[in-house]
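You will see chain A twice below: alongside chain B first, and alongside chain C after that.
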Partner chain A sequence: MRAVPSGVRVYWRILVAGFRRQSAYLLAAFGGLVANTTFGLLKVAILFATVRAAGGELEGYDVALMSTYIWVSQGLLGSVNLFGRIDIADRIKDGDVAVDFLRPLDVQAAAITTEVGKSLFNLIPRGIPSVLIGGLVVGMALPDNPVAYLLGAASIVLGIAISAATVYLVVAAPGFWLVETRGLQILYMVVSGFLAGLFVPIWIFPRWLEIVAQATPFPSMMMYPVDIISGRVDSGQGLLLIAVQVGWLVGVGALGQVLTRAGRRHLEVQGG
Partner chain B sequence: MAEPLTLRARLRPYRAVLASRARSQRAYRASFGLDLASSALVGVIELAEIWVLFHSVTELGGLDFAQILLVFGLADLCFSLADMTFGHCDNLPTYLRAGTLDVFYLRPQPLLLQLVTSDISLRRLARAGVGAVALAFGLALNDIAWSPAHVLLLAVAIVSGYVMFAGMFVWAGGAQFFLVDGAETTNAFVYGGRYAATQPASVWNRPLWAVFGFFFPMAFTGFLPALWLLGIAPPYGLPDWLGWCAPLAAAWTWLLALISWRWGVRHYQGGGG
Partner chain C sequence: MTTTDAGPIIETNGLTREFRIREGARRRTLVAVDDLTLRIEPGEAVGYIGANGAGKSTTIKMLTGILVPSRGEVTTCGLRPVQDRRRLARQVGVVFGQRSQLWWDLPVRESFRILAAIHDLSATAERDRTDELVERLEMGEFLATPVRQLSLGQRMRAEMAAALLHSPRLVILDEPTIGLDVLSKQRLREFLVAERRTHGTTLLLTTHDMGDVERLCDRILVIDRGRLAYDGDLPGLSRTVGAERVLVVDLAEAVADLTGITGTRHLASEGHGLRQRLAFDAETTTAARVLAAVSERAEVLDLTVEEPDIEDVVRRIYAARR
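Let's look at the complex of A and B:
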């Protein structure tokens, strides 16, 4: 037998395990695709009408670019966590996390890595088909520059990781102190979709609301990756957005780590 | 025995269950307060999704923001009330997977009625409040030529809208017996239906009209009645009086709902307990 794998290798294995676990829920993924496509067609109707009512161009969006925004954001919906559900939240709430603390792994990093693995799998049955359906049925604009796709791919992975780390921070970690975190989950779900630019690109918001959105990690989860991969921003601006994403990931991750350490000292397992 | 007395006696168990649900939800005051606040926020943000569009344009699908408020208010109020009473039909997959649905079969009450009374969420009242306020503003800001017919249509639209959304939840619930893991398939039409119902349906193309205009008659919950109140002709040359057909649309939705529910319940083989 090999020695216990260390460092990066462990997390790589956790990532792969998360990825493979999700492949068991294909019917659920198909249901998600139906939902993504239906909502996508409704978004097309209302947002295309808005662009046309504004004279064919709105804050840099024409109909083709709006279509790319709609279908890429719908495709990311199965991967970027805007629902606020995370497996570790239940383990923290009912005390099972005490067992996780005994393992030679960082509880926060392992939880986030599992979520990222599951999300990356979802790109296959939900992400790619959504974009294909949108492209074939409605048509969309695509960037000519291959760099946009590379930066876009990096930005999507970052966005997925930021969403997992944020859900861990605001929904799971408070479970060390609170008995019931369902209210936080609902609050996260309500706020995140709107500020991440799920229904309307944040660039169409009134200026003050756009600034409010940018002061949160939510646009880093969905709006920035979509901006980069749709070619709405050039490579230079794309790099800047990726830097902002890295900043949020480090910030949200560090705060989550602090809460996990404090929570570990506070942890009180109920029952016997 | 006199008929009303029998009915009252038959309803007593449901009243007892509902009263206990209401009491239990108010027991944890802080948690209930947070629930109420986030429920209201859901309504506010749904309205904001439409409002931000009107930040850049003055008219969408031939309606201005005040007119959209009327559509949104009608549809959202009806959806919130249906969500409060029938929304937890969504929990059916959880009961199915855990095998706890079998418990309902042991009790001498119809399955659907038990499910409906199993968890009325009072916090969702806050969201209905947002819909009601939007509707009030929609009625006040628009120039409606009020007549008894207008008042009647408003009442008919609210009742039919509620019945339609309730039917959507039951339809989706029946389909869960087959789908189990595929709950999101029906969410596309229940929650997608809510999203569709609050839009100016004049922006839809013909396939969307087929799905959300007539098969799932979401346009009948807010858009078509609002057009009649405002005296605006519907798109695609549809007749003016279509707004009055909301009760028909509600009956159609419940036909779908009851067929789906009966098939589902018959298909159910038990949780193996």
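Let's look at the complex of A and C:
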């Protein structure tokens, strides 16, 4: 008997399961795309005007690069978790997490893998179309270097994983102690979008706020992947950003693991 | 499988769990499980019964490592449930009547595939076991259906299969037949009996359904306010509390009420005496003796012996202890 499951196979299955589950909600994904596009156009109006008012360039952003920023960030919104909702939080609240603990799995890793699977599916009906629509309607700048796309893809997957791991840490894991974590979810939602660079790139923040943002995992969820895939940074800087992302994933994941272990001993599954 | 095969499958010693409960500003301590010491051997089928809040679910949570005991020791399959959670999960299957372990949005078949991966079954083991369970639980017609579209009866069969897919040595069922119709209950019970026969699986089940206990269990534990109130077999339980069994006889002709038979009490007659019901105490007489006495008075066409209602027995046990 092996001490641990052949990890790759089982987490791959769980990833695929998350992916397939999400495919059951295509209509919702389409609704999300419509919302993404609408808000994308709104961002175009505001940010293009800002760039033009600044004389055609703002902190390195011209209109074409800003367009890429807008449509890639909008496209990632269906996949990068900036809302703070995660299935495992509900399962902890209603006690279904007992079922998860009765499996020979790491509960945190399984929960995050499920979320990543769902997010990867959302790239198909929401992420890619959003970028295509924006590119066709408004036009955008894209890098010529194929390496940027490879690094970008890796960075996007990392960003998705970091967001899932952070929501797990900040919203789900406290549920082992707290009866109600909705306040944390709302707090996460308010802070994350802003610091991840969803509304404006963090590079046009005042310097002090930019530093604050970089002291959090939020830019790693969205800003850095957008920087890489839009070609705002070169391959060398891209690699550096990916290293920073890996650092955040490890850090956030390790903290979540600690809380899960402590929380499990504190858990009092409610009801029958 | 492992060296833990020998020895009891469940062993607890002084197992206790307290909860701190807040009532307004005051706090008090509730002892949900109180100094529980028991031992269950491999292959046994044990019914764990008691009223709501008696401590059944709390015990199960401690046996499976979901809940940390306040005091005392517990080993399940030779492992420490909290510390060895993942290793234990490979040897135990748990069915919660009120919680699902299936993937709601996915076809039933897909849940089985994921669980096979989780339990690291080989491709052959996965196929053989899935085929076996699909056949025995008659799941063929809804394997491709998403779980959310299943009827309760279908879903519980799928839940049962999901918990047993990895052929656990110990199966714990927490109210597995709750809400099911008679036919669905019957099907699940037959399945469990067959599973036990072919694989020697140990069963521990909590239930309010006395049919489950009568058909599945050869040992009964009654828990009352966290303490073990009875440990033994079903007839012994009836004897302990003096519950009577009832002999129902269908007679060839209508006769006068069958009163005055030693050790019995006449309960009722139907059809002018064609069917009569006699209560008797298994301590003082036997069904055979009563039947012989009845046969002297009239020809018996058919008979049934009704076992005592165990909920009633549990109530009597509780009453006797208070």
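The rule is simple: the second predicted complex is superposed on the first by the 266 of 272 C-alpha atoms of A that agree within 3 Å, B and C clash if a C-alpha of one lies under 4 Å from a C-alpha of the other, contacts with A are read in each partner's own complex, and residues count from 1 in each chain.
Note that a residue touches a chain if its C-beta (ideal position, glycine included) is under 8 Å from a C-beta of that chain, and two chains touch if they have at least 3 such contacts.
The model shown is predicted, which means the values in this text are computed figures rather than measured ones.
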| item | value |
| --- | --- |
| Side-by-side fit of chain B and chain C on chain A, or clash | fit |
| Which of chain B and chain C A:Val34 touches, first, second, both or neither | first |
| Touched partner set for A:Leu105, first chain B, second chain C, both or neither | second |
| Chain B versus chain C as contact partner of A:Val10, first or second or both or neither | second |
| First, second, both or neither for A:Phe199, with chain B first and chain C second | first |
| Superposed arrangement (fit on chain A Cα atoms) - minimum chain B/chain C Cα distance in Å | 12 |
| Contact residues common to both interfaces of chain A (with chain B and with chain C) | 25 |
| Chain A residues touching chain C - in the complex, by the definition given at the top | 1-6, 9-10, 12-14, 17, 20-21, 24-25, 95-96, 98-99, 101-105, 264-265, 267-269, 271-272 |
| Complex interface listing, chain C residues touching chain A | 1-2, 19, 57, 61, 64-68, 82, 85-87, 89-90, 92, 94, 96-101, 103-106, 110, 113-114, 117-120, 146, 174-175 |
| Chain B-facing residues of chain A, complex | 25, 27-28, 30-32, 34-35, 37-39, 41-42, 45-50, 53-54, 58-59, 180, 183, 186-187, 190-191, 194, 199-200, 204-206, 209 |
| Residues of chain B touching chain A in the complex | 28, 31, 34-35, 38-39, 41-42, 45, 48-49, 52-53, 55-61, 179-189, 191-192, 195-196, 199-200, 203-205, 207-208, 211-212 |
